[in-house]
Amino acid sequence: MRALLLRDLQLALRAGGGFGLGLAFFLIVVVLVPFSVGPAAALLARIAPGVLWLGALLACLLSLDRLLAVDWEDGALDLLATSPLPLEGVVAIKAVAHWITTGLPLVLVAPVLGVLLNLPVAGYGPLVVSLALGTPALSMIGAFGAALTVGIKRGGLLLSLLVLPLYVPTLIFGAEAARRGAEGLETGTPLLLLAGITGCVLALMPFAAAAVLRVNLR
Amino acid sequence: MPDLGKYADAVLSAYAASLVLLVGIVALSLWRGRRVRAEMQDVERRSKRDG
Amino acid sequence: MDVTVTDLTVARGGLAILAGVNFTLSPGAALVLRGPNGSGKTTLLRTVAGLQPLMAGEISGAEDRIAYAAHADGLKAALSVTENLGFWASVFAGPSIDAALDAFDLRALASRRAGHLSAGQKRRLGLARLMVTGRPVWVLDEPTVSLDAASVAMFATAVRAHLAAGGMALIATHIDLGLEADVLDVTPFRALAMDVQGADEAFL
Amino acid sequence: MSLWEYANPVKFLRLSERVLPWLWGGAAICLVVGLVWGFFFTPDDFRQGSTVKIIYLHVPSALMAINAWFMMLVASLIWIIRRHHVSALAARAAAPVGIVMTLIALVTGAIWGQPMWGTWWAWDPRLTSFLILFLFYLGYVALWEAIEDPDSAADLTAILCLVGTVFAVLSRYAVNFWNQGLHQGASLSLDKEENVADVFYFPLLVCIAGFVFLFLALVLYRTGTEIRVRRTRALIARETRTTDLHAEARDA
């Protein structure tokens, strides 16, 4: 398991794509927002938490179609399926690797981008906490979507169609926590609910994803 | 025709849109059903003749 | 422990392709599968490896003992030869990679990235992976594709050593590897129209 | 004689041939009676005016939109547990009907909302939930279409349906949390006090019956179509196989 995680991280580092691309996309989305809604600081401050959450979600989505497809194409997935590792573990590790290479950097740069959007000072803490709690769920749900569409040529669009509705609860609670934080309200309830969702997703989704992957491998 | 008052547009458009959708799905189902049935009978006849 | 296949029916795309396949593989023995393209060799191997559900029959003694190698080697272009091998060694908790590097003459290439290898070198690396799995049953699908004569000999030696150590090998191949192996032609097992029809059976 | 006998495609087709005329007839009668009754012979509501007539479309379609998904869930479970092909195909057949029901509920809801709330679309929890349900339906149908092998497609969509159900329910609660909404309460409930007035109630019941019959007829008919598609496929596959063998026998 650890070997697989290390390998995936190493690959993400060497191939370059993983880290940079998601971050660049996130940055661009955030930069485009003032161009589309106008530069008024008050408006930007009000929508900042939502925009940052949505941007992070889309950046996560961007790299999902390569999550399993690379290993599928070069045959490594077949070999992993015949290895002693349980497929559930393989999928979970892939999701963790995806989170470390995509989700974690997004969490770390979100405050920086918050400055660009005039995010109120009170909002930084809740924003980072909610993203840190929510993005693992995004990666794991995404891994399920990637497992569903792994055998399909040009499955990228279908993957988005399948995954985005599944992202709704995470997005609602995450963005709600960030918004309440920015407005100086209490954030405990949405954060707890968000943590609950993430916990359940991390506990149960690997099984669904592995079941789906087994169907696709045969 | 009952007097629908100032909401006539809303009520009529709701009925029209719904009926169009309902008729649409029924027509689509029947059309595809017919085609598929004909195709199947075609293949069935062929396989009886040959086999 | 033997690997025994009894009355096996395998399916491709929901249709039975081979039916009533029987064979036994004992420690130290190899079995070579033959048959024309599309005859179901790959499907049979994938089923034995547990990647595909079988349609009828039984496979015993194969679970968690198989090292499978197919057309795709599962190599990562960005990783070096040792990193690729080392990864599989730790996944399978197998022996160290030194013997595998030597057996397939990969020492000189050890630090080169897999993406910079030639097709034949990649194939050798893919086959060297078998040795680091530490698994007794090798299930190989056309292992000699893109190998030159010298490499084929290298591969045959590795298989022989594996068998001598009590391993087993199930190989689908067209060429003669010069192994002391039984040969199984899969053509007679071709599933007939009246055999199990597979997923669509219920609709006939 | 058990219910599972009808899991055999041929028996299922034979049964559905016998039942379908009654279902189509029931649907036609109930819908015509209910809608005509509701449209022409019920009074306007003192608050909502004539827009109350939309209820005869909005409530039944919304009910069926959810019931269709529920039916797909049950059918998916049966497929996963008992591997009856008819069940998987019935789930596939129900999805587009569910999409249409959801669309009707959304469109009538929006049209109703315009005079009542002063806006075509409000991010009201119920409307939003239906929009999300609509997205789930789209994904489900798209996945069926994208996968070639029918049994794999059945497996994958069944799991998607299970996972989707969990997330749809979660979304429902999340949306409630996110916006308290301006939708009126349930139109039908066991508590008589909350119900709509009797004048609206009875034609509404007839319309609901009509939608139920229509849904059943459509699903049964479409399942038959899906079964015929599979049968055609199976026959062609057998034919190809036999021709190949004949050709080989000639060559040999």
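First chain written, first letter: the chains are A, B, C and D, and each begins at residue 1.
Here is the rule we use: a residue touches a chain if its C-beta (ideal position, glycine included) is under 8 Å from a C-beta of that chain, and two chains touch if they have at least 3 such contacts.
Please read these numbers as outputs of a predicted model, since none were measured by experiment.
A.B. asks: What is the minimum number of touch steps required to go from chain A to chain B?
C.D. replies: Steps on the shortest route: 2.
A.B. asks: Given the two chain pairs A-D and B-D, which is bridged by the higher number of C-beta pairs in contact?
C.D. replies: B-D
A.B. asks: Considering only mean CA positions as chain centres, point out the chain farthest from chain A.
C.D. replies: Most remote chain from chain A, centroid-wise, comes out as B.
A.B. asks: What's the distance between the Cα centroids of chain A and chain D, rounded to whole Å?
C.D. replies: 32
A.B. asks: Determine the centre-to-centre distance between chain B and chain C, using the mean Cα coordinates as centres, and give it in whole Å.
C.D. replies: A distance of 52 Å separates the two centres.
A.B. asks: Taking the mean of the C-alpha atoms as each chain's centre, how many Å separate chain B from chain D?
C.D. replies: 15
A.B. asks: Find the geometric centre of each of chain A and chain C from their Cα atoms only, then give the gap between the two centres in Å, rounded to an integer.
C.D. replies: Centre separation, chain A to chain C: 37 Å.
A.B. asks: For chain D, which residues are shared contacts with two or more other chains?
C.D. replies: 231, 235, 238, 242
A.B. asks: Give the residues of chain A that touch two or more other chains, as numbers and ranges in rising order.
C.D. replies: Answer for chain A, listing residues that touch two or more other chains: 218.
A.B. asks: Which chains are in touch, pair by pair?
C.D. replies: A-C, A-D, B-D, C-D
A.B. asks: With touch defined as at the start, can you tell me which chain B residues reach chain D in the complex?
C.D. replies: That would be residues 2-8, 10-11, 13-15, 17-18, 21-22, 24-26, 28-30, 32-33, 36-37, 39-40, 43-44, 46-47, 50-51 of chain B.
A.B. asks: Any idea which chain D residues touch chain C in the complex?
C.D. replies: These residues of chain D touch chain C: 8-9, 85, 149-151, 227, 230-231, 233-235, 237-238, 241-242, 245.
A.B. asks: Would you tell me which residues of chain D are touching chain B in their complex?
C.D. replies: On the chain D side, the touching residues are 35, 39-40, 44, 49-51, 53-54, 57-58, 61, 96-97, 100, 103-104, 107-108, 111-112, 114-115, 214, 218, 221-222, 224-225, 228-229, 231-232, 235-236, 238-239, 242.
A.B. asks: For chain C, which residues are in contact with chain D within the complex?
C.D. replies: These residues of chain C touch chain D: 13-15, 192-193, 197, 199-204.
A.B. asks: What residues of chain A sit close enough to touch chain D in their complex?
C.D. replies: These residues of chain A touch chain D: 144, 148-149, 151-152, 155, 158, 161-162, 164-166, 168-169, 172-173, 176, 190, 193, 197, 205, 208, 211-212, 215-216, 218.
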